Structure formats: structure tokens, C-alpha cells
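Letters are used for the chains, namely A, B, C and D, taken in the order the chains are written, and counting of residues starts over at 1 for each.
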Amino acid sequence: MMIIMKAEATEAEIQAVVDRIESVGAKAHPSRGAEVCVIGAIGDREHVARLDLEAHAGVDSVVPILKPYKLASWQLAHERSTLQFAGRKVGGDHFTMIAGPCTVETRDQVLTTARIVRDAGGAFYRGGAYKPRTSPYAFQGLGQEGLRLLAEAKAETGLPIVTELMDARDLEPVLEVADVIQVGARNMQNYPLLAEIGRSNRPTLIKRGLTATLEELLMAAEYVLKEGNENVMLCERGIRTFETAYRFTLDLMAVPVLKELTHLPIIVDPSHAAGRRDLVGPLSLAAAAVGADGIIVEIHPEPDEAICDGPQALRADEFAAYAERVEQAAALAGKVVSAPA
Amino acid sequence: MMIIMKAEATEAEIQAVVDRIESVGAKAHPSRGAEVCVIGAIGDREHVARLDLEAHAGVDSVVPILKPYKLASWQLAHERSTLQFAGRKVGGDHFTMIAGPCTVETRDQVLTTARIVRDAGGAFYRGGAYKPRTSPYAFQGLGQEGLRLLAEAKAETGLPIVTELMDARDLEPVLEVADVIQVGARNMQNYPLLAEIGRSNRPTLIKRGLTATLEELLMAAEYVLKEGNENVMLCERGIRTFETAYRFTLDLMAVPVLKELTHLPIIVDPSHAAGRRDLVGPLSLAAAAVGADGIIVEIHPEPDEAICDGPQALRADEFAAYAERVEQAAALAGKVVSAPA
Amino acid sequence: MMIIMKAEATEAEIQAVVDRIESVGAKAHPSRGAEVCVIGAIGDREHVARLDLEAHAGVDSVVPILKPYKLASWQLAHERSTLQFAGRKVGGDHFTMIAGPCTVETRDQVLTTARIVRDAGGAFYRGGAYKPRTSPYAFQGLGQEGLRLLAEAKAETGLPIVTELMDARDLEPVLEVADVIQVGARNMQNYPLLAEIGRSNRPTLIKRGLTATLEELLMAAEYVLKEGNENVMLCERGIRTFETAYRFTLDLMAVPVLKELTHLPIIVDPSHAAGRRDLVGPLSLAAAAVGADGIIVEIHPEPDEAICDGPQALRADEFAAYAERVEQAAALAGKVVSAPA
Amino acid sequence: MMIIMKAEATEAEIQAVVDRIESVGAKAHPSRGAEVCVIGAIGDREHVARLDLEAHAGVDSVVPILKPYKLASWQLAHERSTLQFAGRKVGGDHFTMIAGPCTVETRDQVLTTARIVRDAGGAFYRGGAYKPRTSPYAFQGLGQEGLRLLAEAKAETGLPIVTELMDARDLEPVLEVADVIQVGARNMQNYPLLAEIGRSNRPTLIKRGLTATLEELLMAAEYVLKEGNENVMLCERGIRTFETAYRFTLDLMAVPVLKELTHLPIIVDPSHAAGRRDLVGPLSLAAAAVGADGIIVEIHPEPDEAICDGPQALRADEFAAYAERVEQAAALAGKVVSAPA
């Protein structure tokens, strides 16, 4: 950590900062320039982080040198991780297609869509049984009945299941069917939930919060990793900006930057960012071309009849053609499609 | 709801939208202008909201007419609510000072600070036993031991307690001491937690998420109100913007706008927005002058030794003078200081 | 324009709005729902826009129905425009590669880079003679001497030139060499400059302001189009968000959305958004895959020696391989590379 | 400047950075920690700034130590400046009220409003003759005829005039009437315009761009100061955020933070931020209470008939009462109202 002192800081103020650093067992290295003094603090990361020196007299700013995440950092692996679970490989050179409806609605809808995903070579089937809804008056998902339908789709198609967990008290039933537990954007900083998923040791896909920095996303992953759960996927799904012409702004720059910061796979969700079907195709091509490790996309047999988020769902009967084009874009970025084992 | 059709929409597309609206039992009123057709949809709010017409062929945009919140809306009360609980009045003409340390650390710290808050005429004592921390390696709060210390402070000073609940599984012990349950910014859209607090019927203070719109904040309140819990306070604590010179941007414009949209009291937290002690004074004056119903502020007997967020804590021995100035600003906005019963 | 009245608006307030609308010669159509009244205002676009009804008693909000831009709107052309100038076609099915150094520095640098762009099949050569710099102490460009070097590059390679105009007083010398006048992001709302370029009738490329909405960008184009200048290209170059891990957030979602709103070609600048060379490749692939009509990219023979923005410049000797990959991505989006006439 | 190397940076990469720093005559001080190496670069500010080391192999990030502005910095003066011009004092302990219509419309409107401002003790009269409008079809101001009316108001009331300059080519006529030249938010980074105003030596008020950081605002001021013009006022007028319930988000936190960074006076414009008359009162109280050096506010004799921005204009006949309340809030922040000489 570097502490940059104000130009007008006195010797006594500099010494007070040095003393404070050394009081927690770290070492302080002041270096006096012509205009300002900069103090390096070296020692145990957590001790130093706790110093909270920003408000000390004479301090201009505090610059962290080390990243606050460890297990998620690229330096840990020195290469991009290839996760293996449920007979699939995710990350590394692999490109993973995850598809299914936003919300589990009916047996027919779930089974029809799952067969389409399987036939088009999709790697995972997604569907929500618990739905975080902005309005308490909106449909909140089928809950355990929805989980049962997902289990049936898995039994029939062999596709591993991705489904969201919103409440740690629902962990047990979710574990019975989920091969991957999804953490929604609104829960990205729900730390008790993240720790519980970490302890469950079930693979997880963490969606970036609407306004989360990449560092905060990596810290969310760290909560899971710290419990010994290594199978963490990150998911960019659009951030909030001033633009009102679309629901969220898909931040594709996050993909190559995350690939430099972390070894974890990075999946892109074009459906929630866009909120409109016609944007999903172009954004998916772009996500694949920018180097994403996979796509999670919403499809529906009859989007106009969907209970939730119909306008953003691709038509299921167009999914195979869509998937083929996206995989061509992934190939341009050096990826191979992750074929089921 | 108004559906604005594209200029090039065909008659068949207009008719399809009309049919879709009427298929859920609502009424459609198309009105054809020289350049575009606008269709009004009138009917049960939830039915219409579920129409998801944005992706229908020929639709340019969909404009909601009714607010999605009901119990939180100003129209419900037609005046600003004065909440009464724990011997206090909050909202209406009252100005409420809530103060205490960020985190409960030691018995001495808690009791010392509580006495200072009481002596300066503060209305509530705040302190965190469960702390949401970005890093899994950071101090996570004293938990139940912290709650015990808060109970002791309450017994000694008579001050009602505001403390955060992060995990619905901790509700029971929190209910034993909390007069007001705080919902942190990162949990503003943790809907199971909000509903549980609603059912508990304990007063709550909901902090605005870092990037939550006012409408989303009011929908979070609606989750609590819907369960029959009427004692909901909203809290502005800074939003995330592009500016890097400070931690968050305190959005004081939210205060008068919320007062128009909702009857619920609006509290301002200048400490977390600023992250720096020297800004807390000016921002508190501004918050009171803009018409806030109260302030929630962090104080510490020895900020430089605080475990958490020390740099933003006011020095406890300066609290009485601070409170007096803030109350003068509140008086300018037409408020009277809420004296304990 | 629709005026949504508050639920508690009185008949007299509704009538006052109706009267105000009719006072400017427009027609008012109030429609009273069970909960609120909505008033449609129909008439000459500018008259109605000038009504400024937001602050009238009883008004909740005002929703524009018509887009404020006309000449830039998709409806004007009912197909995407293919611009033709300087022996090039831009827009429609064409993909246009524009490349060159950020800043004109030396004769050798300009000529070397121009030859590389020509040999790799680039369509235009870009280079800045006037540079908008945040700091008044930074290098501000070679000015007219820089324009002279660009003219030399054009004479030798036959490449048409894209160069920035910052000050209307420099229009004349810029017109002597520029085939396309670039308007920088910071000047996107410099209306006198835009109108002057409109009157000059020289093709222009307008960069989106750091925080400009798509509507504002289209209104900037409208300033040029209104003067009779039809050759306007729009350029997405990154917007400002809360993320600090990169300089700007490249908003690729703007590309398909703009293609729906306007007939004008949309170019993407990956260099300024990223600020780092290693991100330029992935972002360029993504921009081409999302359907951009072209790329404007910075290259430099020796980026480490560049006077300005060296870190984001591609190495000139890697440009041909880069261009080939980007064009493959453009082909995926259905584009053909715009070959010089 | 500190260069933070990546954990995996090699000795050769460290040495290359050291060599690059020393190649421009600066000194490099590498300090190797257990995990990373940090290199301090000390030397002439502009030389070092030009190094552009972010893209060098092995570099993680570059942290500037010195502020890029000099003449605007607090360190220059070591106290807050009190500017004196046109018989007024601005800054320091003084609170300055600037008021008038958004746009000059008619002789009657200008003279009526000017008398009201004078009678209520306002310090300056504001009014726009050149108006930056998003739409090329909107009223663009009366231009020179508007300047003439402002001159008449000045002659009658003795109030010094604040008016906007949009185009350097209009400098001469503006200088004939303006005591303070206003630079609008959209022109904050119009560097040729700023430099021209600097050379004119006329006092100026620079509005913060919609998305400008405080550092960029101070760099805009630096462009004026560098030409020897010391009378620069900064103006916060709302920034762009994700919130759609209001036009802009007034960033009052900028006021105390700017007071720490710069000696220049800071004025707040509540009218443009809010866009709605009913918010102007509360925001003005807050701006005064947070410590602003003044307010610039829009008033109109008949806001409903205003050509431009009527909804945000205070009614002129309520101005005196408004000004009195705002000055009470300013007094709370330790200010005295700046009485004309």
C-alpha cells in the first residue's frame, strides 16, 4: 500500500503515519520527493488493509498495491482454468452454450425447450424456479414444483441444470437438482448466500451486480472460493449507465480485462442486458468474438406467451441456427465448442 | 400503459397488439395520429404489466402510466406519514438523529458512545453486529455477542436500537434487541429478507442500493409494506457514479423527489457516502436543509482505532456540537427535532 | 406528446393543460382512466415541444411520442444509407477500415504508417493535427504543419484523410486536406462547430460524447444534416461509467440499437475506449461481429515512442494481420470489406 | 508517479521501465516488495506524464502522485481566494447570489427581472443571448439583440452581467456587455474557447460538464488561468447518472471536496440540475448549507410563458423571499452575503 501525503503535510504528520503503520507490525518506507512524500507500507495484507489511513492528518490518498482477492487472481493459476464437472469442461479453450427459459412455467414448456437445447448441442440447460422480481406483486416462480420439472428435463435429456438460488434456506432442495447454482445480479453481494454455496461445494455461476466493479465481482467469487469450492464461473450481464435506449449496457470490455485479472471462466448473458430479442443475436456474436468462455441465453417455445421476460427470449425453433453462428464467432476468438463428454 | 407504435407499423401489427391486450381482459384504445399510433391499455395493473409488449412487431416503446408501487405511494396517504414506535415519532414535521459506531467492537466503546448519543439528545442508537464486507477476509462483526452489547447499551441509556440484519436465519436474535432493523444497500433487493422483515412487523430502515433507482427503492419498501408492516423508513446513502474523488455521490435531490412520490420518512446517511470525516459535517447540514426527515451518522470515541470505517466516523466528543448545527439546518427546512417521549 | 396527469389532479388542472396545448394551435385529447387522466397533444412538433408542461399544476410526467430528430431517423430513408465519397462506400453492406496514428508527429511516422494502411487495404487514413488535450500543458498537435504532412501522405498513397477539427476558425486549412472532418467526443455538442461543418458540405465523422445518449448523438448529426450535408458517420468510442478498471466502457449495444434508429453508418473506435493495446484486438472483433459499419483504429510504427496515446496504438507491423481477422468477424455479421474504387 | 509492476514481471521488464523513465531525464526508484515491485518516477511533471507507461510489458498500473493542475490547486494559494471584480467580492467568506432568466426574450422581461434581482439584493444578473440547444430546430437565442437588452438592464440597475459565450467568434460583442463570461457544461472541454477567454482577461464562470470529473473541471479552469486570467469561478450544475426521476443529479458533495482541492470559488446552479421549479428551493438551501460560495438561479416573471426552460424558473415575485431563506442557510455554513460595494 502506498500512502501519498499532501504537499503541505508536516514532518510530524508523516511520522504519525509511519508510526501507525508500524504499530500493526508492518514496515513503513517513506520516500520524500521534491513536492510530496510517499510512504510505502509493507506487511501482512489484511493488517495493512485495516489501517484506514485515508482520514489521517496530512494524507492525500491511499493507493492499494496488491489486489484484495487471492484465490480468484490470475496469479494463483498463472493460466486460465478449465473447470470440469457434470461431464463438461468450462473455460480454457472451451466455449460453453447454456440455454433455456427465463422461468420454469409448465411441464410441456420445460421438456420441449430442453430437447431443443440438447438437439442443438447445448452444454447446459437453464431455468428459474425461484425468481427475484422487482415487484412483490409479480410472479415469483414455481419454487419446488419448478425444481421437480427441471429434474424431469435433466432425466430425459441428460443436460446438467443451471438454476438460481435466492435464499440460503432453499439450498437443500436446489442441491437436489442443480449442477450449477446461479447467483443473480441482485444477490452478488449477498455474502451469507455466497459462503453457503461455497460450503456446498456445488459449481456456481455468479452474475455481476448492476453496478459492481470487476474487483467486487472477483471478491464475490472469493467468498465462494475461500470455502474450498473451486468451480466458480463469472457472468457479465449488463451494467447500469445513463443510457435509456436499452435496459442495461452490456460491458463486453469486462471480458478481456477479467481474463487478465482472473483464471476463472467468464460467461456472457446477452438476454438480460438487452431485454429485447432482436439485440440478442448481435450481442451474442460480439460476446463470442471478444473471447467469452460461453453464453447463457434465454429461449422460449412461445415467447409472446411467456410469464416472464418473454420479449428477450429467442424463439426456441431458431436456437440451433443461432448457436451455430455464435460458435463461428467463438472460433474466431480461438475457442472450440465444449462438446458433452 | 401506453404502447407507442413505430411510424412504419402496419394495421395488422396494430391489431395484433390490440388483440393481445384484450386477451388478458384489459381494454385497448388505439389513437391514430398523423405520424404514429398510440394504444392505451386499461385494466388490472398486474395483468397489463405482464403483457410484455416491447418485443411485439411494430412496437416502438411501452410507457407505464401507473406507478408499480401502491402502499408506498404518496397517493395512499395523501400526506407524509408520521411513524410512531419505540416512543419516537419519525417523519412528518419531525427530525430524527440516529447515531452510533459503524461496528460494535467492545463493551466500553458501545456504552461510551451510547451515553454520548443520549446526552446530546439523539433519538436512536445505531451499531452493527453483522457487517457486510466486500472481502471475506475482513472482520465480519461480533454477531450475537455484538447484539448482547447493544442490549446492554439500550438497558442503560433507554435509547432504541437500530441494527442490521443480513441473513433471514439471524432474524430471531436480532428481533430480541432491534427496535429498527436496518437493511443494507447491498441487500436492498434481497427480497426473501425484505418479506421476512415485513412479516416480523418490526420497524425497518431500508438503505438505497448503490445503483438503485428511486422506483426500485420504493418497490423494496413495498415488499415490507405488503406483509402488513407499516413502519418503513427509506435511507439515501450515496450512489455510484463516474466520479472517483469520493466513494459515493450523495444524492440529495432524491430527498425532495421521494417526498413527492411517497409518504414514508426519508433518512440520509452522510457517513457511508463520504467515507471521510471532514465531509460529514457539510453533507449533514445539506441533508437537513434539503428536507430530510433525519440523519443516521457514525461516531466513534477513537476513530483512528476503529476496526471498520474509522475514517468516516465523527469523533464522539464532537457529536453534541455537530447535532446542534444539523438541527438548526433542519429548522430552516421547517422541521422540529424529534424529542424522546 | 402524452401528458400523464397525477392521480390527484383536479378537473381544473386538466382543463388548464388542455387550454395551454390548444393555445399554441395543437390539439388536446384527454382520456380519463379509472386512476389517471392522460392527455395526448397533437400538432406541429416544435410548437408542442416548446410547451414545457412538466411544471404545470397536476402534471406527473410528459412523454414524447415522436423522436426529436428527423433527417437522421431511420424513417427518413427506410433503409440503411450507403454514403459515397472520396471513391469509397461507407454503410449499407460495406465494412470500412480507418487507421493511422493518434497524432501527426513526424514526416517519417506519417508516411510509414500511411503506406502500411494502404498496403493492408485500409479505406481511410486518420491522423490528428489539432489535438484536444485535457491538460493545457500537454502537446496540442502540430496544427497546420500536421495538415501539410497529411496532405503529403494522401498524395503518396491515395488514401483519403480523416482529421479532427476543434475550432471553426481552422475550418479553411482543414478543408484543404480532410476528406472527412472528425468531430471529437468533447465537441459533440459544440453546435456552432457542427453547423459550420454542415455548411462546408464535407463528409464528417461525429464521435459520441463520453456521456451522450444515443438521442443526443443523433441530434448532433441533425445539426450537420440540417445544413444539407448528408455524409455523416457516427462513432461509438466508449462511455463513462463507474468502472475504473478501464478508461471508458465501449458500448457495443449502441451499434444494433443505432441501426434501428438511424440510416447513418456507425463506426467503432476501440482504441480510445480501451486505452490499452491488448484490448484493441478483442474489442475490434466484437465491434465487427456486432454489426458495425467500420472501425477507426490507432496504429503507430513505434508506440513506445509516441507523443500521445502510445499505449493504445497497435504496432503498425501487426496491422495487416489484425485487419484480416477483423474483416472475418465483419463477414460473420454479413458485411463485405469496402474496397477502394 | 508510481509504476506498479505485475507480480509476474521479470527483472528485464522492470529494468526496461527504469530505462524508459531515465531516458526522459527523470529518476527511477524501484522498490521491490515481497510480492510486487513499485517504481517511483521523479522528475519534471510534463516529461514524466508523457511516458505513457501503462502498456509497457510487466506494468500493472500507473498511479499519478502530483495533481495535473497547478494554478487551480489549493496549494498555490494555501487559502481560498476572494475574487474582486465589477464591484463584487466572490469566494472566501462571501456568498453570491446570481439570478435572472434562462434566456433573454423581450425588453420587458429583461428589465422587469433585473429590477427584481436588484431589489432583492442579488449580486449579478444572468441571462442568455446565445443558447446551446440540443435540437437545431429549437430557439437558439436572440444573439446580439439579446446582448443589447442585457446592456440596457445593466445601465438601469447597475447589476453586473453574467452571459454565456458559445463561439469564440462572438467574443467581441460579448465582451462589450459581459462582466462574467459563462462557459456552458457542453463547452467545458472546448479548449480553444477556454484559452480565448483566458486571453480576454474577463472573469469567467465555468460549468462542470455533465460527466466531468472534478479533475477535468479543474483542468478546464487551468486552461483559463494559464493565460493569466485569475478570475475563474467553478459551477456545479448536476451530473448524469442512471436515475431517471430527475434530469440530472446535483452533486453537492463536489462542493466541500473542491474546496479542498482548489482555491477558486464554487457556485451551484440548482435550476438546470432539477429542471423543475419545486426542487429549486430545497436544493438551493442544501447548496448554501454545504458551503457553496454562491448560487446561480433562473427566475422569470411568467415562467409558463417562457420560451426556454420555463418549468425550472422560479417565479420572479417569489425571488426575494427565496433569496432570504437561502442566505440563512449560507449563514449556517459561515458565509456572509456579498453586498454590492
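By our rule, a contact is a pair of C-beta atoms (placed from the backbone, for glycine too) under 8 Å apart; a residue touches a chain by one contact, two chains touch by 3 or more.
The structure displayed is predicted, hence computed values, not measured ones.
Visitor: I want to compare two interfaces, A-D and A-C. Which one has more contacting C-beta pairs?
Guide: A-C
Visitor: Would you kindly say which chain has the C-alpha centre located farthest from the C-alpha centre of subunit B?
Guide: Most distant chain from subunit B: C.
Visitor: Could you state the distance in Å from the CA-based centre of subunit A to that of subunit B?
Guide: 26
Visitor: Just how far, in Å, is the C-alpha centre of subunit D from the one of subunit A?
Guide: Computed from C-alpha means, the inter-chain centre distance equals 39 Å.
Visitor: Find the geometric centre of each of subunit A and subunit C from their Cα atoms only, then give the gap between the two centres in Å, rounded to an integer.
Guide: 31
Visitor: Check each residue of subunit B and list the ones that touch at least two other chains.
Guide: 211, 240-242, 244, 278
Visitor: What part of subunit D is in contact with subunit B in the complex they form?
Guide: Subunit D reaches subunit B through residues 211, 213-215, 239, 241-246, 249-257, 260-261, 273-274, 278-279, 282-283, 285-291, 325, 328-329, 332-333.
Visitor: Touching residues of subunit A toward subunit D in the complex: what are they?
Guide: 2, 4, 7-8, 29, 31, 33-36, 38, 40, 42, 63, 65-66, 75, 78, 211, 240-242, 244
Visitor: So in the complex, which bits of subunit C are touching subunit D?
Guide: Touch list, subunit C to subunit D: 20, 45-46, 49-50, 52-56, 68, 132-139, 166-169, 186-187, 189-192, 195, 209-211, 216, 219, 222-223, 226, 240, 275-278, 303-304, 306-307, 309-312.
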